[in-house]
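Note that the chains take the letters A, B and C in the order they are written out, and that residue 1 is the start of every chain.
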Amino acid sequence: AEEVSTGEGRVFAAPSARRVARELGVDIAAVDGSGPSGRVTEQDVRRAAESADTEGESGE
Amino acid sequence: MVVGDISTGTDVLVIGAGPGGYVAAIRAGQLDLDVTLVEKDAYGGTCLNYGCIPSKAMITASDLAHEAGHAEEMGIYADPEVEMDEMVGWKDGVVDQLTGGVEKLAKANGVELMEGRAEFADENKARVVHSGGGQGSETVEFEHAIVSTGSRPIEVPGFDFGDDPVLDSRQALALDEIPESLVIVGAGYIGMELAGVFAKLGTDVTIVEMLDSVLPGYEDDLARPVKKKAEELGVDFHFGEAASGWEESGDGITVTTENEEGTVSEFGAEKVMVAVGREPVTDTLELDNAGVETDEDGFIPTDDRARTNVEHIHAIGDVSGEPMLAHVASKEGQVAAEVIAGEPSALDYQAVPAAVFTDPEIGTVGMTETEAEEEGFEPVVGKFPFNASGRALTTGHADGFVRIVADEPSGFLLGAQIVGPEASELIAELGLAIEMGATLEDVAATIHTHPTLSEAVMEAAENALGHAIHTLNR
Amino acid sequence: MVVGDISTGTDVLVIGAGPGGYVAAIRAGQLDLDVTLVEKDAYGGTCLNYGCIPSKAMITASDLAHEAGHAEEMGIYADPEVEMDEMVGWKDGVVDQLTGGVEKLAKANGVELMEGRAEFADENKARVVHSGGGQGSETVEFEHAIVSTGSRPIEVPGFDFGDDPVLDSRQALALDEIPESLVIVGAGYIGMELAGVFAKLGTDVTIVEMLDSVLPGYEDDLARPVKKKAEELGVDFHFGEAASGWEESGDGITVTTENEEGTVSEFGAEKVMVAVGREPVTDTLELDNAGVETDEDGFIPTDDRARTNVEHIHAIGDVSGEPMLAHVASKEGQVAAEVIAGEPSALDYQAVPAAVFTDPEIGTVGMTETEAEEEGFEPVVGKFPFNASGRALTTGHADGFVRIVADEPSGFLLGAQIVGPEASELIAELGLAIEMGATLEDVAATIHTHPTLSEAVMEAAENALGHAIHTLNR
């Protein structure tokens, strides 16, 4: 996925994706976006949550 | 609920029933919390009773009267007469309908309504002092509290809102005669909105403003069409003048101002309205008893869950600081209620829209070009003037423009500024675009109905991309 | 370009300068194509000269005159007089400004303008017949052509637009006196828009419609407030009546209609306007010479790149079929130009917005609930009535509602229907939402300015989710 634009702390993602990130405890600013120009989709957030889980299980 | 010792228990105590508080209470009710909403004055708060709604009602009505009398260009000849008491009565009817609605909605969502002034006794207890003689007080124990006590107009020394010819915006919106002349102190949005109302009703309006322009805080090119139109309506502007006092003189009053050099000027009028800003209402509350802190301006600082320094006490709306806008209060109210209910809510919006209901209107959301640069973006700007919009021309109102600010490399929308017809409505689409992470291409590719003002939004996006149809590209 | 034998060559020949053709030409010019735009009548086509723009101008103006005379409720007393010739003159001024703009924009984008009627000679050659005596014709060789010859009003047998008391919408919009009485044949959007104009100007309007309701094709609950308001304005409806003829009688005419049972009715009036639909204009073109096919209704079928059966000849706008809307014509024009320039463009939009500028207005985009079901979605619907909107009440126009249709499991927006104030503008946000793949939550979570009509959009989304604030949830 492309880089999300540079502006500080700004994440380009729909409100629904941002809510899912909070729900799953994902730092959305650290998620790679697969949408246009690197927009973060809800699927990106869920994928990030899953991979964080598996990383967590393997003790980092 | 414990009765007898007139003491009540509640999950959530909401203090103040403005657009912050009543929305918080309704949302909490929806989330099956046990909610008590305390209001000392009127349901709907400043916004419904004395602010947003009354001012917009008077703006529409004065607009219609004015337009009808100035449409010879369209072949319409009329000489409207306005009965101010009836206009104000109509406005009051609108307010009553809405405040009645708030009460009904609160009840329907299971909110317990309590009339009186709430003050904190300690971190988990408040006293509600009922108004009127001998009604006493009662104690409410709460798990969570939401402070939404709003704001009040700042008084300028020398101008006491208790004195008859000195008006705040609330009193100005309740006059039952059109004043022949009016001095307005302050050219902020409230001053400018009401200047339009009175100028359109035939009042001689003079505005004195300490700073050097109308609508401080808005970009020059947004404020300019508003000032120009006000001048056409006969409004007389005096910048760099600080109001220092007033005295009776003949039938009316004389308002005294002073500029930086100390030169004194005098302005005669029937009344003077002071609208120089609003300050938070915290002195009704005994915040100290709950340990809730305020900042040097009296606002209650909050985090992104609308929590004060005391975790189970939230503060929302005007009392929690800028931007002091009704829709921000409501959003914060929803979030506070959801956070209390354990939902993963936060104030994580990307952009707050705002509107000024002057003639022409202003609508803004997100960043200006300058702000975008400061934030480290590489902004590109697209613009579309309403005088190239078919719909604008057919309404006879074609002043102003739509401007969109985007990040050039990514195309993401960052902000928008509109001055012109229905700017307050047009900004909605751009607010959604920014929240969604839309790009210029997304907005430009979306079919917009012809002929509408909203086409200007699409054209501004196309202009930023270098391929607008109805205006020349950079 | 070859001169001498009055023969020209061009990359792209665009035939017809309506909102389809002139937009295609400008876009092609922007893409550095060599473009020739031929128009036999007036730049801007039906839309700018005789349709969208004139009707909307007359709607605004008649509205203002009417509103001003009916605002006693707001304390405004006026008795406006309308000089119809001046109103029409103002409208013509708006049209001139816009058509002049089209010409300038076309030239500025490098478009070659040619006056005359184009007809195909073969697949790569057209003859342009200049109008006026002895101006002859010239031949244009082209690599690509875009047919955008639009549509014309359908004539009902017995009603000849050449006869003085029989009007099409174009003639009705150019009257220089307000008719005392008018029969309108057809209660589609054009008939209903103009019924409003004339009723507000004081004409006694009678509508005869073959079908059994106003605005056929729109859902009942959208059409109902429009019919109700028209009736309040004194419009007299007769459904199930087919207009069969007219004759002079006394000062005016008598229009004869027949119902299904063959019963004949008569309606007296000063004039009759026929607005029963529009048919494609292909008979000016000699399409056969180029091998371009039409369907049984005379429309030119096209694919998703706006190509006809002849690959290098595109057709756009009304001539290529429903929906016959200016903004669809323009979109197709842009796509045609981009396809010719080799760009990967296509008509891949999700939803087409449409507006009816009646009182109240209607705005729609995407699917209705029924359509969503038919497409296999599990629709959930959210609704917000304008009489619960603070902004609507302050404008004195609170009839109608916003309805949003979404797919329940995914939350994706599928469509929206609005009837009420500024419906034509409010639909824009929902169009963008649908194009962006927004969910109900996205729209509900976006802060909307208070007090605006656009809050109704947010509330409708919240209602679909079961947590609207300002209306009771299902």
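Quick note on the criterion: a residue touches a chain if its C-beta (ideal position, glycine included) is under 8 Å from a C-beta of that chain, and two chains touch if they have at least 3 such contacts.
If you want to know which protein each chain is, UniProt gives these names: B, C = Dihydrolipoyl dehydrogenase.
The structure displayed is predicted, hence computed values, not measured ones.
Interface comparison, A-C versus A-B: the higher number of contacting C-beta pairs is recorded for A-B. Taking the CA centroid of chain A as reference, the farthest chain centroid is that of C. The geometric centre of chain A is 35 Å away from that of chain B (Dihydrolipoyl dehydrogenase), both derived from CA atoms. Between the CA-based centres of chain A and chain C (Dihydrolipoyl dehydrogenase) the separation comes to 43 Å, rounded to the whole angstrom.
Residues of chain C (Dihydrolipoyl dehydrogenase) in contact with at least two other chains: 436, 438, 442, 445-446. Counting partner chains per residue, chain A has residues 14-15, 19 touching two or more of them. By the touch criterion given at the top, residues 19, 23, 26-27, 30, 47-48, 52-53, 56-57, 59-61, 64-65, 67-69, 71-91, 94, 97-98, 101, 105, 108, 325-328, 330-331, 334, 349, 351-355, 363, 388, 390-391, 393-396, 422, 424-429, 431-433, 435-436, 438, 442-443, 445-455, 457, 467, 469-473 of chain B (Dihydrolipoyl dehydrogenase) touch chain C (Dihydrolipoyl dehydrogenase) in their complex.
Interface residues of chain C (Dihydrolipoyl dehydrogenase), counted against chain A in their complex, comprise 411, 436, 438-439, 441-442, 445-446.
Those residues of chain A that touch chain B (Dihydrolipoyl dehydrogenase) in the shared complex are 4-8, 10, 12-15, 18-19, 22-23, 35-40. Residue ranges on chain B (Dihydrolipoyl dehydrogenase) touching chain A, taken from their complex, read 344-346, 348-350, 372, 375-377, 407, 409-412, 414, 435-437, 439, 441-442. Against chain C (Dihydrolipoyl dehydrogenase), in their complex, chain A makes its touches with residues 14-16, 19.
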